[in-house]
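Chains: A, B and C, in written order; residue numbering restarts at 1 for each.
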C-alpha cells in the first residue's frame, strides 16, 4: 500500500469500536479510500502479511463471518474463527469473585492469552436484551478493550455496529457522491420480534457525523436512546446537517434521497418481550412499500440484511431499480478491508 | 498450469452440477488430467491464487469437507466454510411470500450476497427424504444456480454426487486403464436406514457415460429413478456399453471387473421410513461377501465410505487385496483439485 | 530454518505422543530451540510450506485450537479443523464386529483416508472418566498411531498433554535458566468437578525427566497413577533430581522455586463421580493462597488455564508479580511451532 493519508495514519494501532471515535475528516478519508480501493484506483496491498486476526463470535453470523474471513485473507493475514458455545458468555468478568459456579475462566486471563496469539481480536457480542442499563455499558466489548494489548474490532456489539455503519455510508457516498446534505430517512419497520438496536444506532450516528439531514421515522414507542439521539443531533448540526424525528412515515419519506429500513425493539419495553410483541402488532403496516418509495426523490432503498420480504419491505421495492441492498452487503467486505488496512497497519 | 486442453477450456466458468453435463470426450479428458496431475506428470499450478471459494454445508461432512479445504488451499485459494444450522434450510425460497414466519432471509438476497464475497460457491444439500417429487427438482441446488453469478460446485445434492462420481471413474481408469468395456456392477446392499440415492445415481450415470457394461444389482423394490436409468441406458449404448438390471447378486457378479456397493432407500416407499425399514429387513443378507467376490474377474471392490463392516461388506473383502476404498477416497482430493483447476480457471 | 541439531533430526517424521518418548538430551535441545526461536535468535522458517495438518477435536478447546491454527499457518502450512460431534466417538474401533448399530464408520478406513489428505494429524481425545483400565490404554490415540501412515500429534489425550508439558518446561527454563535442580511442587487444588489427569501426569513426567526435585502435594485420595509415579521417580533420579509425595501443602511449598497448581479427579473414585464430589468437599481449602506462596523461594506460580479464581488460587497470587500463567499460555504457541518444525520437517 502506498503512503497512508496522515489523517488516517493517526488511527494505526487503534481499536475500531464505533464510528463516533472518528473525526468527520477521518471518516470521509476512510470512505474515500474504501471507494478508491474497491474501484482499483488504490491498492489494498497485503498489510496483514504474517499477521493473525481472531474472529470471536458470541452470536451467529453468516455475512459478517464470510466477509471478515475473506477480507483478512485477501489482505495477506490469517484468521482464527472462534464461536463461544450457544451464545452464552461462560467467562467470568466480576472482580474478586469466588469462581465455584458455572464460569470456568476469568476474562483477566482469557483476553491477554488470546491477544498473545494474535495481532487483533474482532468481537461480536449482542446485547442481553433483558437489562438496558447493563447492555448500555457494553460489558463484553469494554472488557476486551480494557484487557487486550492488541486492537479490538467491533463486529456488532450491544449498542453499535460500526462495520455496517461504515459500509452504509460508503454505499451512499458511492451512489450519491456525498452523505452531506442528503435527506436520509432511518425508518423503523415491523418485524415479529424485538431486535437489537446496534444497526440503527450506528446508522443514525454515522449519517449525522457526515452532515446528512437525518429523519428518524418511527412509532412513538420506538425512539432510539436519548443520549444517542442528542449526540447525533449535535454532530449533524456541527457538520451542516440536521437530525429530526417523525412519527409519520409518508411525510418523512417525501423528497428523501435514502430510505434506510430496519426493525428494532422498544426501549420502553426493554426486557418485557411478551408485552412488547403485543404492543408492536399495532404497527404491522409500518412497511416500506412502493407507495412510500414513490414519495421520495428517486430515493435509494437500503437495509443491512437479512430482511423479511413483504413485512419490512415490499417485493416491488426490493426487486426494483432503487434497491441497493446487495451493494451494501458487498461493501461490507470492501469497507472492512480498508478499515483493517488502516487500523492494523504497522508500516 | 500449462495450456488447458481446448475441450476442457470450454468448461471454464461453468458450474459443476452433474457429470451428465459433460460430453464423453470432456469427461475422459478431465479424468486423464486428474490422473496425470496425481502422478506428477502434469502440474496443478495455483489456479485459485487470490480466489475465495465458499463451502456451504446444509448437512454434515468429514471426507468432503477435509478434501475440499485441503484442495482449495493447495491450489492457492482461500476457503470459507459455512454450516447451516442443524441441517435446516432457514432461508425462504418461495416467491411473493409474506415472510412473517421462521425464515428470516430470502435466497434472492442471500445467494447474490455470498457470491459477492467469493469466486465460487460449493454446496452440499441432501434430499428431504419425504417428498420425492420435490427432491427431484433439486430445490436448493437449482436456486443457487439461478441466483448466483459465480460458478456453483455440487458437493452432493438431492439426486447427484458428481465429485464422488468423478473420483470413482478416476479410480477405475487408474486401476484398469479404462472404464469403457468393463463389466461394472452397482450393487445395492443392506443397511439399517434408508439413505439418499445421490451416490448410486452418479455412479450409474458416470459409468454409463464412459461406455461400461453396467449392471444394477438390487432387490425389486430398490430400482433407481426410471428416467435416470433410461438416460444411463441411452448413454451407455451410445458409448458402446450397456445398462442392465439384475435381481440376482451372484449372477450379476460373475466375471465382473468392479463391484461397487452402496445402500440406498426405496423409491416406492419414499417418505414412509418406518414401512421401508420393515420391508428392507427381508434383504438383510444382500452383502458383498468373499463368496460374491470370488465369482468376479479378480474384480475391484469399491465403496464411497463410510461403510458398515459385515453389513454392507465382509471384513475379508474390505481388508483384502482387491479393495480400493482408500484410493477412491484419496482420489476425491485429486479429482476435485483437477475439476476446480478447470472450472474456476481464468487464465 | 538452518540445519537441525542432529539429536533433534532423529525426531523427523515421528509422532509426538508423550514427552516420555524423548531422551533428556532431546527434550533439552527442543526447549533450547523453542526459546531461541521465540527470542528471535533462531528462525522458525516455513517448514510446513505446502503441507496440511488436520486438527481433530473430540473435545472442546479454545487455547489449543487457537494456538495450533496460528502456529500451523505461521509455519507456512494449512490446517483443517474437524470437530467430532458432541464429544462422542462415533467411529467403530472393535475388530470383526457387525456394524449394524450407531457407529457408521470404522477407524480402519477413517484414519487412512484422513491421512491421505494431510501430512500430519493432531488429535484431542479426553478420557471417558468412567473406566480407568480402558482410559489408560488410550483407545483413541492408540488407534490413530496404529492406522495412520502420517505423524500423530497429541493435543491432550486420556492420560497425557505433552504440548502443555513442553510449554510448561519451556516457561521454567526461560524464567529460571534450568529445570534441573529446581524444587518444583505439583499441587492438587480444589475444584467443584473431577477433571482429567493428563496435565498433572505430563507435568510430573516432564519435570522429572529434566532432573527437577519434584514434590507431588495432594490429599491421600489424589495420588497419580502408580506406574506414572514410579516412572517419574526413576527418571528424576537418573537425571540427578528426585520425586516425592507430600500430603501437607505448606510443608511442600517451603523453599519451592515453582508452585504448579492443578485440580484432578481421584483414581480411587474413578467412574463414581457423585461419591467423588462429596469426598473432595473435605479439601475445599486446598488452594494456593498468598500465604502458601510466601513460604516459597520467591517461587513462580504456574497453571495451565483456565483457572478458577479464589477456588484454585487466590487473586493476590494470580494478579501478583510471581504469576507466569499468561507466559505459559503464550509459550504453547512457541513450543508447538518448534515441535512441529522438528517433527514435521522434511528438509
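We take it that a residue touches a chain if its C-beta (ideal position, glycine included) is under 8 Å from a C-beta of that chain, and two chains touch if they have at least 3 such contacts.
Please read these numbers as outputs of a predicted model, since none were measured by experiment.
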Which angle of rotation, from 0 to 180°, maps the CA atoms of chain A onto the equivalent atoms of chain B, to the nearest 5?
120
Residue numbers at the chain B-chain C interface: does the shared fraction exceed half, giving same, or fall under half, giving different?
different
Geometric centre distance via CA averages, chain C-chain B, whole Å:
41
Per-residue overlap in chain A, given as positions that touch at least 2 other chains:
none
In the complex with chain C, residue positions of chain B that touch it
60, 62-63, 65-67, 69-70, 73-74, 192, 305-311, 315, 318-319, 325-326, 329-330, 333
Taking the touch rule as given, give the residues of chain A at its contact with chain C in the complex, in rising order.
50, 52, 54, 78, 80, 82, 85, 92, 96-100, 104-106, 108-110, 112-114, 116-118
